[in-house]
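Remarks on the structure that follows.
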Amino acid sequence: MARSTKLKILWLQSITCNGNTHSFFSHPNFMTLMQKFEVIYHPILDSKYSLDNVINKKLTCDILVLEGAFRETGMQKADREIYEIAKSYAKKAKHVITVGNCSTFGGVFRLYDPEYIGGFCFNDETPNEAYKLFKRKLISLPGCPAHPRWIGNLLSMILSQRQILLDNFHRPIEVYGYSAHAGCPRNEYFEWKVDSKNYGHKEGCLFYEYGCQAPYTHANCNKILWNEVSSKTRVGTPCFGCTEPYFPKKDLWHTNTLMGIPATMPMGVPRRAYLTITGIAKSFSIKRLNEPIIKYKK
Amino acid sequence: MLQSLSRRCAMKAETKRSKKKESIIKAALTLFSLNGFHKTTIPDIARRIGMSTGNIYNYFASKDILAQEIIKYTSEVLGTEIRKINQQKTLSTHEKIHKIVEVYFTMATKKPEMIEYFLRVYLSHREVFVGECDKMICVAGFITEIMIFFADGVECGDLRDQDFFSAFGLFMGYLGGMAFLNGEAILPRALEDYIDDIAYNIYNALKT
Amino acid sequence: MKVKYLIEKIEGEAELEFDFKNGLVDNVNIYFPFYRGIEEILKNRDAMDALVITPRVCGICNHAHLIASVRAIENGLNKAGINIDLTQKAISLREFTLSCEIVQSHFKWFYLVALPQLLNLDRMKCPDNYILKASWASTNIVKALAIFSGQWPHASYAVPGGVSCDPTYEDIIQAESLVDEVIRFVENELIGMNIDEYHKRKEISNIKGDMAIMFGMLDKHNMKIKGKSYDRFAVFGEHPIFQTGQYNKKYSNDIDFSHIEEHPQHNSKAKSVTYKDMCYEVGPLARAIMTKNDFMLNLHDKYKDSVLTRVYARLDETIKLLVHIKSLLANLNVKELSCTLANMPKALEADGVGMVEAARGSLIHQSIIKDGKIQKYNIITPTQWNLSSGTQKEAGIAAQAIKGSVSIEEATFIFRTFDVCSVCTTH
């Protein structure tokens, strides 16, 4: 079904590091995708409007993309509060997309002043005033940054008018229904409880000693991979839970334990079940999993 | 109709089999308690419950395997009681400790052969429990419930966070020691008279 | 006459206040309006949290922040008596990923900032394929980066003692082919000649490709005489390919963190920074000068620290880095350990400084740790050096460079040649 006019997209930034913009720019089809829209404003792409126009003129957009954390007052661009600008565009837009953990939940920058800084519709996991106004059009793409495919695919789905199923935080379930743990090459070490004892090895699970949050983080990073080739756990870095409302938690490289037992269980797994399986797994020693995968000759 | 009938038959057969297994285990526990682990033989157990020796071997391939199954069984029995306590969300941590001590001491009093088996056979004959029962896998049912109790206690702020084994050693070592003394007829009073004091001591040692 | 101007697309925005006298820019005040408080956010956090939080200062140079952060922790550990011995493998991997990020940033600068802005000076529209080129080239070089770092942006694969990754030769070969593709792009599109020919160039006009368009336009707009500042340069970060030290009429390989001072600025959330009370330029030009490469020194002799020299240094550095990272990969030995520090000491007390050369210049992190927690964290970014409003004695580097501009358009173009990063400046 051809569109006679292109949908207008406005990418507005608040308290941000620009990470989501640069992440999306690494999408292999960035140009082709963006050319399907009329760009009202974007941090990198040129458009016929300057930021001053966006802020001081009464423009409209169909898709409002918000990047960065918000505060009601105290964050101005061109002498106007960006929060007010965001709300006024959100009222007229058909879709409001919060890209990145900051605009969704508040993220890293909320920590500076949690009483006044938060996401556009959520402060951590609590819906705020703006949520009531925009919940019907809100789609959340948290992540720090959001993966380029999450952003690109969502825009494509809007263009092709496909149904987008959302969870209770308005995150697309096709992405956030997975756990970051699915597809991790260290899965066998997780299953048999062969825990990593040092950094820098391809073997070993990072869940118990290194704070890996993948088993309870909603994301599909290990399924679709970052930059088409990689992921944190593939290179021995634990998942830091960046798609979740509480990101970044304290002591990111440590696993919270309660008397030695991991405080947070894999998604949907009852503690009793996890402990039973773990107890059994720990009592067996699988030779292959306790040896290096590759033994180079000197 | 025929399918559900055959399924019911299969379930009945299964229940019959597990009931038989349980009666063998109970008989074995009694005999181990009366005469000791090494002096009790499979024929002894068979005679006690009126089964043939050959039939016993249909259920347990060897005495060592029977020994392993017994520890899993006793662990499940104790674990089930502790699970019931863990699942009572309205109990305070102190109350839960009290109930766990109560369960343990009641078992030590009413079914002494179970606790005795643990102390005198399991802990003292580790060579019997190698292979399938290596590490703590056979007592998993019980250990898991204690882990859950500890985790819940730390999560709600009642118990101090510490290494699992430090806390476990304190709790179980204490209870096992009291059961042992009771078994040796050294304690002047009945074991149940000690529940309050011991629960109080454990709670105070582990609380934040 | 004072004119206000909101400059955008500089990794954020800045407010410029120009002072015109007799139709020329006499002075410019640069205000960065927003402060995010990363340094405060880090207070009382576990020392290692800095490796995750500091990259969030910036979406385009997050990897440089990671390396500066880990160097700060390692420097602190060394000073506290815990010897950190990085293997050559860890050193090379960190160099590789850091260099890839610099190259990515320069590609974006050429195609998304420099060329469009120059065309804009002549009221010409920018061809669509510039964005495609920037997108392709930067996407592929960061792919090579991500093979080792896990992702870009925002990786945390550099840990005290080395790196967390354990690559195979297969990973290295994959990275090598990506680098080869990017080099081919540079040869076909960016400079229109192969690298060997490039090294034999005698003059800027020998360069072809898209850069020929850029240099042609720079020439047309007299950029070889515009944009000069104090001709003072500093390089703080240690890398095998760069030389640390400073240049102020003469060379010195001595450079000391203790002579750096930060000052709050009136009305701006960015702090200014000086070395021995003077403003110094950091960035590709500073690195080129300190490395004393012949072609650059020649150019510098003729055109000093003009826009032309500054821009050329950025191109030259891009090519130098691409050649360098190929050799890093070729010499990697996967059998070496990735990380030589088993565990961070408990109750750590450390006071360390980590200095790194990022795309825009020297980036410095200082991490003071007590009892394993961050007591104080300080970040000094390259744009702070180049874009502060100056001291009582002199205007800032970029402000000085803009003096004498005939229009706001020209002034803002010169401003952009410093490759400004607004988010970094106000962390």
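The first chain written gets the first letter, and so on, giving A, B and C; residue counts start at 1 in each chain.
Simple rule for what comes next: a residue touches a chain if its C-beta (ideal position, glycine included) is under 8 Å from a C-beta of that chain, and two chains touch if they have at least 3 such contacts.
Everything quoted here is computed from the prediction, not taken from an experiment.
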(request) Please state, in steps, how far subunit C lies from subunit A along the shortest route of touching chains. (result) 1
(request) Determine the chain that sits nearest the middle of the structure, using the mean of its CA atoms as its centre. (result) A
(request) Among all other chains, pick the one whose mean CA position is farthest from the mean CA position of subunit A. (result) B
(message) For subunit A versus subunit C, what separation do you get between their C-alpha means, in angstrom?
(response) 27
(request) Give, as an integer number of Å, the spacing between the C-alpha centres of subunit C and subunit B. (result) 66
(message) Centroid of subunit A to centroid of subunit B, CA atoms only: how many Å?
(response) 47
(message) Taking the touch rule as given, give the residues of subunit A at its contact with subunit B in the complex, in rising order.
(response) 257-261, 263, 271-272, 275-276, 279-280, 282-283
(request) Quick one: which bits of subunit B touch subunit A in the complex? Just the residue numbers, please. (result) 83, 134-137, 140-141, 143-145, 147-148, 150-151, 153-155, 159, 161-165, 167
(request) Would you pull the subunit A residues touching subunit C in the complex into a rising list? (result) 13, 15-23, 25-28, 30-31, 35, 43-46, 50-52, 75-78, 108-109, 111-113, 144-145, 197-202, 221, 226-237, 240, 242, 248, 250-254, 294, 296, 298
(message) Please output the residues of subunit C touching subunit A within their complex, sorted ascending.
(response) 6, 8-9, 11-13, 33-34, 36-38, 40-41, 45-46, 48-49, 51-53, 56-60, 62, 90, 108, 112, 116, 126, 128, 131-132, 135, 138-139, 142-143, 145-157, 159, 161-166, 168, 174, 334-335, 337-339, 341-342, 423
